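The two complexes that follow have chain A in common; it is paired with chain B in the first and with chain C in the second.
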Partner chain A sequence: MEASDLGGHISKRYNKDIEELRSSVLSMGGLVETQLQLAITAIVSGDSELGIQVANDDYKVNKLEVSIDEECSRILAMRAPAAGDLRLIVAIIKTITDLERIGDEAEKIGFLASRLAAMDRPSDSYRELKNLGTHVLHMLRDAMNAFARLDVQEALEVVREDDRADEEYEAIQRQCITFMMEDPRSIKRVMNVTWAARSLERIGDHAKNICEYVIYMVQGRDVRHTRFSDVAESSND
Partner chain B sequence: MEASDLGGHISKRYNKDIEELRSSVLSMGGLVETQLQLAITAIVSGDSELGIQVANDDYKVNKLEVSIDEECSRILAMRAPAAGDLRLIVAIIKTITDLERIGDEAEKIGFLASRLAAMDRPSDSYRELKNLGTHVLHMLRDAMNAFARLDVQEALEVVREDDRADEEYEAIQRQCITFMMEDPRSIKRVMNVTWAARSLERIGDHAKNICEYVIYMVQGRDVRHTRFSDVAESSND
Partner chain C sequence: MSLLLFLLLGALIGWYYDRTITGLLIASLLGLAWQTRQLLQFERALRTDNFDKFRYGEGIWEQLFSRVRFDRERGRRRKEAYRNLLKEVRKSTDAMPDGAIILNSRNEIVACNRAASVLGGLKRKKDRGQRLDNILRDQSISALINASNFDQSIEVASPVRDGDWLNCRVVPYGVDQKLFLLRDVTERVRLGKMRRDFVANASHELRSPLTVIGGYLEALSDDDELPPQWEKPVQQMRSQSERMQQILAVLMELSRLENATSASHEEAIDVGSLINKVLTSLPRQPGQADISTKVTCSTQLLGREAEIESVLVNLLANALRYTSADGSINVSWTHDTDGASLVVEDTGIGIEAEHLHRLTERFFRVDRGRSRDDGGVGLGLAIVKHVLVRHDAELDIRSEPGSGSCFRCVFPASRLDKSVS
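After this line comes the complex of A and B, so read on.
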């Protein structure tokens, strides 16, 4: 075997490692999306069992995080990747932390759904939580698509969407305070709604974080803590 | 110059880089502690200006995060560290993310303090928030000490403390619900208390996360998502 064959062999194997790593992150993203989707359904349909099932399944997300983390460390140690690949791996280490935290929030929403299912139900079946939930679910999907396609424009879209999700969250909180003041007997129930809304708002933040890592990966620029307008402008250069 | 001198020179420089990196993380931890301390003081003393100042100073934490992150990537790319040093750098990348999120929570508490300062004040000056705040501030300090001294036993202590902080948080939430039911006119004010309590509880979680990275750094074992009793037991081997 020639030395150049060996080099080709090593780099083929290396590319395969990187591809598998990327696809594990996408699987983890898919699992987290499913968890979030089910948690929202559990709230809207008042399905206590489904809520508990989501909470119980969070360990699957955690397991994936640990195994991807180990694979990242292995590649860093064995292959000492440079430039682009190094940025990819640093971005993955951060992305899976955010995915794991989204899993934690879905777990909390699952518990809250099961608590809410045992209480009086409002006539609108928690429409406002459904709307915010659907919104952040789309943000998460778009974030994972931006990651898969290394699509900076799509990533910027999600960063922008997060402001709208925050506004929806604020509106829900104001509405909850009004409900509680009008009918103090509803306080216990409505507090669960405010906590679910808070978890959904956090999920939007995590989706936004993932998009910021995508931009860093592609452009090698850290856009966290930068004004949106500055980022969008320089991406059109 | 002999080759061995050059090697010694490179490794001395390398050790200096790693030491500077560790000490930047400790500075960032110190800054975040100060922010948290001031945010708690702002709530307890009803000092609106101090609350706003904490919120406005969060950019300093963010700046440190970005610069440490860049230094980590530089060392990974230039030095390709192996084993222990690689674990240190991966742990630092994760630690500064948690420190930055603690900074975000301190920022929120600063805003809430300024809002609460403009409202009726309870006779106990928010003693329960002060207690929980002091508790998680100690957890953060102990976490940074565990990081500085690579002290697994201290890290395990903080992991254990987090259960107590969660119980305190739950007690505050129950108390808040009781207050609101007894006096619905207090709802708007008390909701700010529940949000501040939530931020403090999150800070405890982040301190716990940092301790889990310390254990990973020292033992090369990922103890996240492991039962506390299992971790403590095998650390005594």
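After this line comes the complex of A and C, so read on.
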């Protein structure tokens, strides 16, 4: 399926509906990207006000999810789409769920940022959280780009990147355990750090899910719960 | 000509066999067949653009053919020239350091130059026909390209490189086309941040030595054994160091305001009672103008109460400073067309128009000689401006020399508490 295929309906109205739906998913993606970026900034710079703002703005993401969901049901009911269009709608319904979850995780991170800002800060000011955060932010961005361009290669790239996010998460966890063993007084603070890292790692997984929906949408293959090498191999045919 | 000869020949052969009409008919049918074949071949040659196999003979076919060949040649040359021109144009737009993206009326990407694909992360071939806000998904970008006025530009974080900043603006052209321009302003943003950090750090570093100096001066001035000729200098040093501490405190407050994000919407402020609170706590001296209030708007304002209070205190202090005893000052909190405004109006000396746009600069003074000694720090309006920016509000200053000034803080409807009205 190519991007131009989406405009291939006899009814102009239908074309427009589908195009608008796609754009609204992408704009929801943009909002979630911003939320995540602000949440990471809040935690790295210790800005509690920014963290609270991110947590408070999550309702916007939820509202978008509900309205896009409604629009999907409307198109399903009125147009009875088939083949590529049907896959697009199904993929969108799943994608927005994952986006909403990412929004929730960003909300959580914002909240944790405001809590961490009140405690003493380590000298590296959470560099490892920043690295992991930037990594998953790029994954999310690339996932949304792959969605916009219906680009399977880009989607596969993101799926591959998820392993690195998992590794980084594990490294942070190990580091946190060391901290807690060294100084039990820091446990409260370090627990918050592990929660934030956990949220970031989950965001990476959600970005990966979105890419799997993109592959499903374009090629009609379900690649969930399969090994990466198998996926990459059969995508190249 | 040859056709006529051919027909005549047919007629002659027919006449010889006593069948003139039949001969003529056969000859004309043969002629027609030949012409049809020519026509078909000509059509095929045109279609496949291959004239090698086409035997055009002479007469009308030759003329037709040379005509077509001439036109084709000319068209080809013209196309070549256009192609070269286009290549040159593309080369020059690719050499531009700023990104440019051509959008059609539906905000779909028609073309973009190399800088745009580098700065904005666009793929030149793949993204053609894609809506721009599908790729650059920042909310403010989609607001910018859908806006109806084109004189604004915004700064957004680069989607490609972390920490980089892009300045975006839209220029309309043609019937319904738009040019979306991207410029890398990382350096400028970084410089601004450096300046802010410098002011914050410098104020912070200066504060501790000043505290020490101030402490000793305070002890000295309280000392009974201080020689009388030192009393006045020590007193002056003390008041000046206090003044410096005050300036530093204000500077630090300013840089805090500048670095902070937009104020939260959580606190609801009752502006009417805030005005009363400020008026009762304001230090008054004899010989100052009277202050009247007018509160017609009961809607509460969403923001930081302490900051709005400092706006009021600063505006009122200025009004008192520049208004004589027989003048009057009026504070009001009223509804606007959409939103509400807090206005401080006086009948004081006023400000000349040329100074108005510089009023909110730090340490700017209309009259250098005046006002240094009456306690002003020169940062009041800078604070007012930054607090208002944080509250999405605008400061509108109108003034006429000799007849007074009017400072109007206009808050948008989004900053008003809609639950109680």
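Keep in mind that, in the parts below, the second predicted complex is superposed on the first by the 227 of 237 C-alpha atoms of A that agree within 3 Å, B and C clash if a C-alpha of one lies under 4 Å from a C-alpha of the other, contacts with A are read in each partner's own complex, and residues count from 1 in each chain.
The rule is short, and it goes like this: a residue touches a chain if its C-beta (ideal position, glycine included) is under 8 Å from a C-beta of that chain, and two chains touch if they have at least 3 such contacts.
Every value quoted in this text rests on a predicted model; they were computed, and no experiment measured them.
Engineer: After the chain A overlay, clash or fit between chain B and chain C?
Structural biologist: fit
Engineer: Per the contact definition in the header, classify A:Met180: touching chain B only (first), chain C only (second), both, or neither.
Structural biologist: It touches chain B, and chain C stays clear.
Engineer: Touch test for A:Arg115: chain B only (first), chain C only (second), both, or neither?
Structural biologist: neither
Engineer: Quick check for you: in the superposed arrangement, does A:Asn145 touch first (chain B), second (chain C), both or neither?
Structural biologist: second
Engineer: Of the partners chain B and chain C, which touch A:Leu76 in the superposed model: first, second, both, neither?
Structural biologist: A:Leu76: touches chain B, not chain C.
Engineer: In the superposed model, which partner reaches more residues of chain A, chain B or chain C?
Structural biologist: More residues of chain A are touched by B.
Engineer: Touch test for A:Thr97: chain B only (first), chain C only (second), both, or neither?
Structural biologist: first
Engineer: Between the C-alpha centres of chain B and chain C, what angle is found at the C-alpha centre of chain A, to the nearest 10 degrees?
Structural biologist: About 150 degrees, rounded to the nearest 10.
Engineer: Contacts for A:Arg224 in the overlay, against chain B (first) and chain C (second): which applies, first, second, both or neither?
Structural biologist: Once the two structures are laid over each other on A, A:Arg224 reaches chain B alone.
Engineer: Touch check for A:Arg160: first (chain B), second (chain C), both, or neither?
Structural biologist: It touches nothing on chain B or chain C.
Engineer: Is A:Leu86 touching the first partner chain B, the second partner chain C, both, or neither of them?
Structural biologist: After superposition on chain A, A:Leu86 lies in contact with chain B alone.
Engineer: Please provide the least distance in Å between a C-alpha atom of chain B and a C-alpha atom of chain C in the combined superposition.
Structural biologist: 18 Å.
Engineer: Please identify the positions on chain A that touch both chain B and chain C, taking each partner from its own complex.
Structural biologist: Of chain A, no residue contacts chain B in one complex and chain C in the other.
Engineer: Hey, which residues of chain B end up touching chain A in the complex?
Structural biologist: Listed in rising order, the residues of chain B that touch chain A are 59, 62-63, 65-66, 69-70, 72-73, 76-77, 80, 82-83, 86-87, 90, 93-94, 97, 173, 177, 180-181, 184-185, 187-188, 191, 194, 198, 222, 224-225.
Engineer: Under the stated contact criterion, what part of chain A meets chain C in this complex?
Structural biologist: Those residues of chain A that touch chain C are 3-4, 19, 22-23, 26-27, 29-31, 33-34, 37, 47, 49-50, 52-53, 56, 134, 141, 144-145, 148-149, 151.
Engineer: Within their complex, state which residues of chain C touch chain A.
Structural biologist: Answer in residue numbers: 121, 123, 126-127, 129-131, 133-135, 137-139, 142, 157, 159, 162, 260-262, 264-266.
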